[in-house]
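Next up, some structures in structure tokens.
In the two assemblies presented below, chain A is common to both, partnered first by chain B and then by chain C.
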Partner chain A sequence: MKILVMCGNGLGSSFMMELNVKKVLKKLGVTAEVDHTDLSSAKTVQADIYVGAKDLMANFKKDNIKRIELENIMDLNEIERQLVAYL
Partner chain B sequence: MLRLRKELENNIQVIESIESWEKAIELASKPLLEKNKIEERYVESMIDNINKLGPYVVLMPRIAMPHSRPESGVIESCMSLLKINTGVAFSKDKNKEKVNIIFILGAKDNDSHLELISQLTDLLEDETKIENIILAEDENKILNLIN
Partner chain C sequence: MTFLNVIMKDILGTPAILIGLFAFIGLVAQKKESSEVISGTLKTIMGFVVLGAGAGVIVGSLGIFGQMFDHAFGIKGIIPNNESVVALAQKTLGKETALIMVLGMVFNILIAKFTKFKYIFLTGHHTLFMACLISAILSVSGISGVGLVVGGGVLLGTLMVLSPAMLQKYTKEITGTDDLALGHFGSVGYFVSANIGKMFGNKAHSTESINVPKNLSFLRDTSVSISLTMSILFFIVSIFAGKEFVETTVSGGSNFIVFSFLKAIEFAAGVYIVLAGVRMLIAEIVPAFQGIAEKVVPNAKPALDCPSVFPFAPNATIIGFLCSFAAGLISLFLLPLFHLSVIVPGLIPHFFCGATAGVYGNITGGKRGAILGSFVHGMLISFLPALVLPLLEKLGFEGTTFGDADFATVGLLLGNAGKQNSTLIYVVIAILLSIPFILTMIKRDVKKVEAE
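Moving on, here comes the complex of A and B:
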């Protein structure tokens, strides 16, 4: 499974989310490849689940994908709740 | 010493209030501009980014981390902190909490700042510490909480 985390520039907040997603996966005992990138590159990358902040994901148009839109990217419980729904 | 603490040393400001998020980003960037870590156009680029993509730099309630691309004017990877005691709105949505702490991030390339981000992530997960930083009266007290 591949999880792609995105932010506007693919530098700051997406890396924070990557760290947080990895923490949640570890807790759940799930193995997955997690990577971070910027919004425009994300459109061309194939992944099983796409993750981003809610405000940003409104700009991410891609059909038929599993998406996780986070209100608070630092909230591990929110990440876990949304992630579990797709596992 | 944590890299985060080292970067923030002499780059922390505390103010009572400010009229807009744009002004807040400009003020928060000032120490980094003075130290030649970023160029003036980087400040504009951070503001443009938020205008284009929305206030996604608000990482969690009360905390924002404006940033842009390395090629938009970062000379050296860096970080500064501005605390606004009464907070400033980043979103037009009145229900969203105001931002009290702004971390300006300047990333020189795709990975030289990752250690910094990872230490910041650990800090942001410590709710008590964040609460204490928001309540801290001056720069030194804030710096002492980052260890």
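Moving on, here comes the complex of A and C:
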């Protein structure tokens, strides 16, 4: 399974979210490949689940994908809640 | 002797290999599998090489822009873009930047360990940018060798703690928790914005109670917003420079509008390449840093990149961007009156930092706080870079400069100290370093008195 996290620059906040997603995966005992990138590049990357801030994901138009849109990008519980629904 | 020479000059003296070595050590220390160690180390080295490749593309476009701007207005036009400066600086200061960056992280952990300031600065690209600025300013002031690396490392580590610390009072109010901090070197601007909000605003009238159109959020896509602004800027400049001038001396005959458009996209492509390089460069170093920090400083507070606060006040981010950008446009016309270089307002610093300034202005002063705070922030990130520019010009980063507030503030402080005398720089660094220690001791005394 591949999870792709995105933000505007693909440098700071997506990276932090990636580290948080990895923490949640570890807690759940699930192995997955997690990566982060910027919004433009994300459209060209194939992944099973796409993760990003809710306001940013409004600009991520891709059909038939699993998306995790976060209200609070620093909230581990929110990541876990939405991630579990897809597992 | 030759062997030693290879180690000192070719291995430790090549920034790409040096930074790869740090990634390697970090990966081994985390007991990663050998496959991960190999791929992580190679990717880090490649990130550095990609960074340099992007610099070449940016320089090509910036040179053309400068030539046309000069001809059109008879003054220098500067585009503030952190990625460009850092990429350019790697040619001359790569080794110093890499060493200062890693030493800065070490000192960040040490300061967090021994003072009450438990912040761990996790925004890796800003650590890299600040390391670059520090190495530039110190070397211009005539400091080199061990003094440059150790002095620079201490300073960077101190800033990585002070920057989140001075905002924490407000960050706590924004996020509703004291466990997280903001780690972004625009903090002087946000601090000013929050204080202006406190003075002139009323926090009861929050920006979040009004209706703001959300359709500007597509600008958060860096590639889109850089292409868009650079195209507009290139069009304006090439029209003022004149069709004839552009087509005879710059474009080699191709149509001036088409040429300008392509050069604008070229700039955006250069930034895109540099961003990809920076992403690869920090991808292994930041988790290693975080892992070590969590072990050494048990109750560490991670300091995170600025979009972390955006979801707490989305309206304030839009208002903040617009007001900061408006201030940038006004400054464009004010700067020549003060005989300063013209800082062309860049969408990226105004979008990310302006938005953050809006959030901090809103938390202390509501609507009025967000508007006034981010407007003043916009003036700051126009005037401060213009003031710091003459100090950096010796290094030949002409045409571009750092965009965010802290880079220029630190540059001004140290650069002016260094102009007097290079020992004064060490004094400034020592004073800054003592701040977290002194404040920790004062707090301890207060607690003791309270306990008695």
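Rule of thumb we're sticking to: the second predicted complex is superposed on the first by the 87 of 87 C-alpha atoms of A that agree within 3 Å, B and C clash if a C-alpha of one lies under 4 Å from a C-alpha of the other, contacts with A are read in each partner's own complex, and residues count from 1 in each chain.
One rule holds for everything that comes next: a residue touches a chain if its C-beta (ideal position, glycine included) is under 8 Å from a C-beta of that chain, and two chains touch if they have at least 3 such contacts.
No experiment lies behind these values; they were computed from the predicted model shown.
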item	value
Touched partner set for A:Leu19, first chain B, second chain C, both or neither	both
Partner chain in contact with A:Cys7 - chain B first, chain C second, else both or neither	both
Which of chain B and chain C A:Ala53 touches, first, second, both or neither	both
Touching partner for A:Leu39 - first (chain B), second (chain C), both, neither	both
Partner chain in contact with A:Asn72 - chain B first, chain C second, else both or neither	both
Residues on chain A lying within both footprints (that of chain B and that of chain C)	7-13, 15-16, 19, 39, 53-56, 58-59, 72-74
Partner chain A, residues of chain C touching it in the complex	122-126, 175, 180, 184, 214, 217-218, 220-224, 272, 275-276, 278-279, 282-283, 286-287, 290, 302, 304-308, 310-312, 314, 352
Chain A to chain C touching residues, read off their complex	7-13, 15-16, 19, 36-41, 53-56, 58-59, 70-74
Parts of chain B lying in touch with chain A, wherever the complex brings them together	49, 52-61, 63, 65, 67-70, 91, 105, 107, 110, 113-114, 117-118, 120-121, 124-125
Footprint of chain B on chain A - complex, ascending	7-13, 15-16, 19-20, 39, 52-56, 58-59, 72-76
